[in-house]
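Look for chain A in each of the two complexes below; its partner is chain B in the first and chain C in the second.
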Partner chain A sequence: MNKFVIALSLFLVGCQLGGTTPTPGPQFYATGTQGLDVRVNTLSNNQLFMCEEGEVLLDLHNLGTSDIAQGIYTLTIEDQILKPVGKTKKQGSYSLEGRSAVNPVGGYTQLGFRFKTNNLPAQLETYQTPFIFNACYPYATSANIPVCIDPTRDPQAARSCKTTPVSGKGGQGAPVLVTLVEPLMVVQDNAVLPTFIVHIANAGKGRVVSTDSLGFACGNGGGTPSSKVRVMAQLQDEQLKCLPEMVDLRQGETKVTCMSNTYFGAAEGRANQGTFTTPLTVQLEYGYVTTLFYPFTITRLAHQEDCSSTQETYTPSTVSTSTDRGINWPPRS
Partner chain B sequence: MRKSVIVLFVVLLSCTQFNTGTEQKQPTTGYRTGSQGLLITFLPNLPPPRVFDRDPFNVVLQVENLGTGRVGNGLDRLYISGFDHNLITGIGTDGIPLPLLEGRTQYINRGGLDTLSYRGTIRSLTEKRIDKYQPLILATACYHYETIANAQVCVDPDPYAPTSTARVCTPTAVGTGSQGAPVAVTNVQVDAAPGWTRFTINVQNVGGGSVFRNGNHYLAKCSPYNPGLAFDELDFVQVADVMISDTSIKSSCKPIDSSGHLRLQNGAGQIFCELNAPQGQTPYLTPLNIVLKYGYRQTIAKPVEIYPLS
Partner chain C sequence: MGIGKAVAIVAAIIIGILALLYWILPWWAILIALVVMAVLLFFFWPAILAGIGMAAEAGVAAAEGAAMANAAKAVSSATTAAKTAHASTPVTPASTTVIAPANHDPIGNSEILKRLEHVLVVAIIGIVAYFILGNAGLQSTQNISIIGTIVGLIAIAIVYPPALGVIMKLVGIIFLAGGGLLIFLIAGRLFAPALITTVMLGVYIVAVFATWKGKAGFVVLLLNTVLFWLLLFPPLLYYQQAFRPESPLYIAAENQRTIFEEGWAKVRNTPGLIKEGGTSAQQAIQRQILIAIGKYETGVEAANSQPLGVFLEHVGVTSPRVPLGTPIDMYAELTAQAFKADELLNVNLRCYAKTLVGKEIPGSAGEIQPQSTFELSELESYPIDCILDSTKIEEGAAKVSIEATFDFATGAFLKGHFMPQEVIRDYARQGKQPLTEFGITGKDLTAVYTPGPLRVGMGLGKQPVPILPNTAFGPTLGVTFENNWPQGKFVAFKKMVITAPPGLEIKSIDGKPVPGNCKLTPLKEHSCIFQETQLAEFFPDKIFTKTLRVQTQGRSVEELLGGAPLAIRSFKVDVTYTYRINKDVDITVLPLLPLVKP
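After this line comes the complex of A and B, so read on.
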């Protein structure tokens, strides 16, 4: 009896082991309207005394779905009031992975900036000076909007879907999003030529620039950065013709018309697929600028006249940005 | 004790076998009932409500003939549609021929039953950066069917004859219900006059699907991969014959077009037929036989969610 029970148990356990069912990946959905999120870490200190060293720690989090391969940042400060110390640079670069099924939270990094306050003009007891952080990065939106291709003209035929506008207002994991897609089935002969009116808007808190204007946007060289978004659309492996190809979002929501060259519902060929749902893939390419404003308040101590004679001299460093702070903390007096 | 129980069990079992006897099967009267033709159902989990890409996509449908007509003459077909053939490949657009399914008869109270399967493959969604694809899979059956309605009607050759003899019957409306088909003759009104009797035959689409003109050409247009049937092809039934006793009165029936079809409006229609110079002097009961032929389309749906497999 005992042997039978043991054999049965082994048999049941064996049945549960093995098998060829693959483990599915986590269900990841590209939603949201954020790209790079820049926040001031709570360890930062913007209330300084004259001649004191302070530090600003910024948390950079890529909350969108596009990878940031070559993002650049610039700092705008009053050089006569705040002097960078140590490895602190006013320009740098960073790279952050976007959210995906294998990385649902997105890439994260920290940037540290250390400063020393200079003398305040004699008549001032306190002074507020700006600290402006500009992050400029190329970004992309990949929207998969389910649309209905309906070449059927039979009024009584059951349909698997209806040709109605599809909203994308939940976002596609990027600050520039497709807000609405209006499908139009243009009837020609016995078939339809699908056309889509794609509505695009900037829902993020930053500014859209062209990808080739990112340098200008972060203060490199002269000129005014342009603000164009490249629009591409694909339907069933066919690249659609979109007009205009580049749109300017400075005036708000903009529409683009994307047309297919395939006659769906034709009697022969691959286009004869009846009424069906398929994803319209809209790819938007652009640059984005996220700006953080973090003013310093500098206070003169009572009877303080000027800083000590030994001042650190700012030397531009070629060390790239990393999360390693490489400084002495807390500062030695 | 155990042996006696076994013996008793065997005896009881034998008695049950002997008592079945050789009863003669009696024909079922009134088997022409019901309002369905073909019943289509998805087999459970085929396809499952949630599948992953790069998996096979299997769809199995059960088809059962619930009516009294015959289905499956080679041109009757079952299609599945509603999905992107670029994402789910391997499933053709020609459909699968419906197997021959006999209808119910007075001796066989259940129609033919069979299963049809489709096998496809889902392409990778990860490569296309698609998070989820949710098609609504439609199964559409397009087939020819036939309705045969029998009604006992009263024909009175001389309804105004001054006579005091008892009448066998009085011409009046006869309810016929449904006849085991998706298009039914719901009732027949009889209007008697000296020298002729008029029949108003009410026809209605009761099956829940779409009825269209009888003919192979229209059957092909029924496919979901076709632009579809036109407005002058939908809601038509062919009046194949109307017979009173052994006499066909189809030639007197109106309004029927040149191809013998009656148009339905809002799923219903009326045929007006006349019997001229009925025989005899006194009222009599006689069978009225109506045969309708038509094409029929039925669709069922099943939603499916397809996810990428990381």
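After this line comes the complex of A and C, so read on.
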């Protein structure tokens, strides 16, 4: 009898009710501390002979959750030794979509740069010269931190949550992150004004600049040097007042105090809502600079004097923005 | 101690010394043997003498004993005869006591055999010694004389034992008195430096004085000095007669003579050495001053698979000892390593003789075969010979020198890292090193010069170099020139090209404006060329370590930075100059003396 009951139960558990239920896709979580990831494609060649042409292929991958619109780059090369050829330019722009539920891997593009090596200084067999790629782009961090609002003044009362600090160390899909939120319930009369101390830090490998300093950081002369991050916070559709509104991350982790103007609890003739958890949305806006150093080694062939007899070849620069992937795709973090 | 033992000891000493002369032992064994012999001679000499004395006494006693035995034998015979002739006549005891030693047969047969054995031993020693000394290089006449004297003395001692003590003492004196000479020759044969030879002789002299005291020691010292002089120095130069040429003894004597002459020449040339040392010291001081005032610029030599320059390799002479009148053949291999195949390296060769202190002997210049001038391309090598006339060189030790004078080029570059001043300040405010943020390390900030006889250091001060927009600011480049080869000598600059990167131009050098020397290249570099006469103004001093200060000014910030937050631009220095290298070889010019045939 017991065996029969168990078998029937299993059968019933295995059955579904009628109708079609959509299969849920992979859940998207805005985590990590990466923004734009720049890597040298393995097809690149940094071992060149004098007077020879070479190509550097860079894989640009937006591993963060913010879209990059009109990011700019500059190349720093030793023009006396490396001469850009074809459509290779020392400055340019790019746009890349961020990771999202519809594009969980993020946008990708490949930039190609072709060079021809000039004459080496006299009597040198080998010469090392750098290829420095400097990418400057506007970026944003959107952190949704669950915070506990506790308007209850009775310490003995039952609570559904506690107003303890909430860590954001896992990142919010951007190099600048909210590392910690400390909720404070400021009591006024019978109600509380929620206040949050937001800790912000740069966890990426690049440099934070102000959005209006991006041009300056990438050398086109626009703007002035500045490294400010704009901080905005929202709680239940209310824009909080954050002080300071612009923070400088040059000295490391920085704190911002964001205050609500809304009273919670038994105030203004309404009943106490009790303790509840609600997301605090912190929006950070900034510019970010990522630098890549790639050394070239140029070797003089035996009996090679100068490049005057070598004919210059023309090869157009390759720029592709597609789903094409390089050999080392996807990049390993 | 019997006479056989005494002779054996002396023989062992002689054979030991002769074996040393024959160079069958390594140097350390020779030293040990010398010490052992010294101990034997200095500490057991009295015992040896006593032994010899006892042997002499024993010899006398043996002679007396033999006489007594003969007498007894005679008495016995007489008694028997008497018994036979006069059987009834009683024999008185007194008749037996008055018998005198017989003089008609002083030595018995067994004693003769024993002495013959001694003579045989001495003869074998003599033959071995003759053989060894002959192979060591002693001419036969001298060999026979020395061995004959020693063997003769020993033979006399055997034949006439009472003389043994005196003779052995005489032999000992000869050996001790000539010990200095022996040490001198051994040290010379082993090519010991003069210092070690001097120390060994010093120890010997102290030992002689300690053993024989005051006057006797002085006599030994004087005797040694005279022996040295007669053997090694004019007018006699006895080693050239006493020793066969090219024999170990000859080479030993010659080595010691060269060492002594070099030492003496240095003493005579002390003022010159002091002056030369002073020049080197001045040069070192000059360098230290430049470092102290921050005007000494460093650089690293570029890694090349081949050393660059002109080299004289495998230098030697066909014979280091040349009789007067015989040509001296000095040979070498001339090698050139350079990259510039389109520009030939002009090399002028010269050879001549020098005194031991390095002063050229007038008129001694030799003839270079196959030719004295070469135009070399990269990686070329030629065997060359220099034929010198030995009659132009005085007898004795000298040096022959081959000299190559050539034009060579050295290039150097320094990567300058330029950033807008505001960017540098921004990094500074963030507590970051701007260049480190771009992945640039310290080695990228050091000048690199190509291998060769000249060292070129360069510096731009602290990097990155700030660029001030809307100003004509340009950094000052320091360029330090220094001799890179200790064995060579810088002669003169022929040409210098200093190149500033695009966006900068050279304004002056050491404060002197140089507008007429400069032009823009197709790569928009600003290049200034200086020829020999103008370069002489920049390098007026003989002391060579020198830093030039090259003042620049900004021409175009856009050209310099190229719209990037960081620009890497190279300064270049290329110099062509004349340089001289030389290699010396020691020779000895021998006098034309008739050699004594063995």
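In the analysis below, the second predicted complex is superposed on the first by the 273 of 333 C-alpha atoms of A that agree within 3 Å, B and C clash if a C-alpha of one lies under 4 Å from a C-alpha of the other, contacts with A are read in each partner's own complex, and residues count from 1 in each chain.
The rule we apply is simple: a residue touches a chain if its C-beta (ideal position, glycine included) is under 8 Å from a C-beta of that chain, and two chains touch if they have at least 3 such contacts.
The structure displayed is predicted, hence computed values, not measured ones.
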Chain C versus chain B on the shared chain A, clash or fit after superposition: fit
Which superposed partner A:Asn41 touches (first chain B, second chain C, both, neither): neither
Touching partner for A:Leu124 - first (chain B), second (chain C), both, neither: second
Contacts of A:Val102 with chain B and chain C, given as first, second, both or neither: first
Touching partner for A:Asp154 - first (chain B), second (chain C), both, neither: first
First, second, both or neither for A:Asn190, with chain B first and chain C second: first
Chain B versus chain C as contact partner of A:Gln70, first or second or both or neither: neither
Which superposed partner A:Thr164 touches (first chain B, second chain C, both, neither): neither
Overlay on chain A, chain C to chain B nearest C-alpha distance, Å: 33
Interfacial residue positions of chain B with respect to chain A in the complex: 52, 79, 81-87, 93, 128-138, 140, 210, 223-231, 234-235, 297, 299, 301, 307-310
List of chain A residues in touch with chain B within their complex: 22, 24-30, 101-102, 142, 144, 146, 151-161, 190-191, 236-237, 265, 267, 270, 272-279, 281
Chain A contact footprint on chain C (complex, rising order): 302-305, 308, 338-342, 378, 409-413, 415, 420, 422-423, 425-426, 429-432, 437-440, 444, 448, 450-452, 501-502, 523, 525, 561-570, 572, 574
Sites on chain A touched by chain C in the complex: 74-81, 90-91, 118, 121-126, 129-130, 132, 134, 207, 216-221, 224-227, 250-251, 291-293, 300, 303, 305
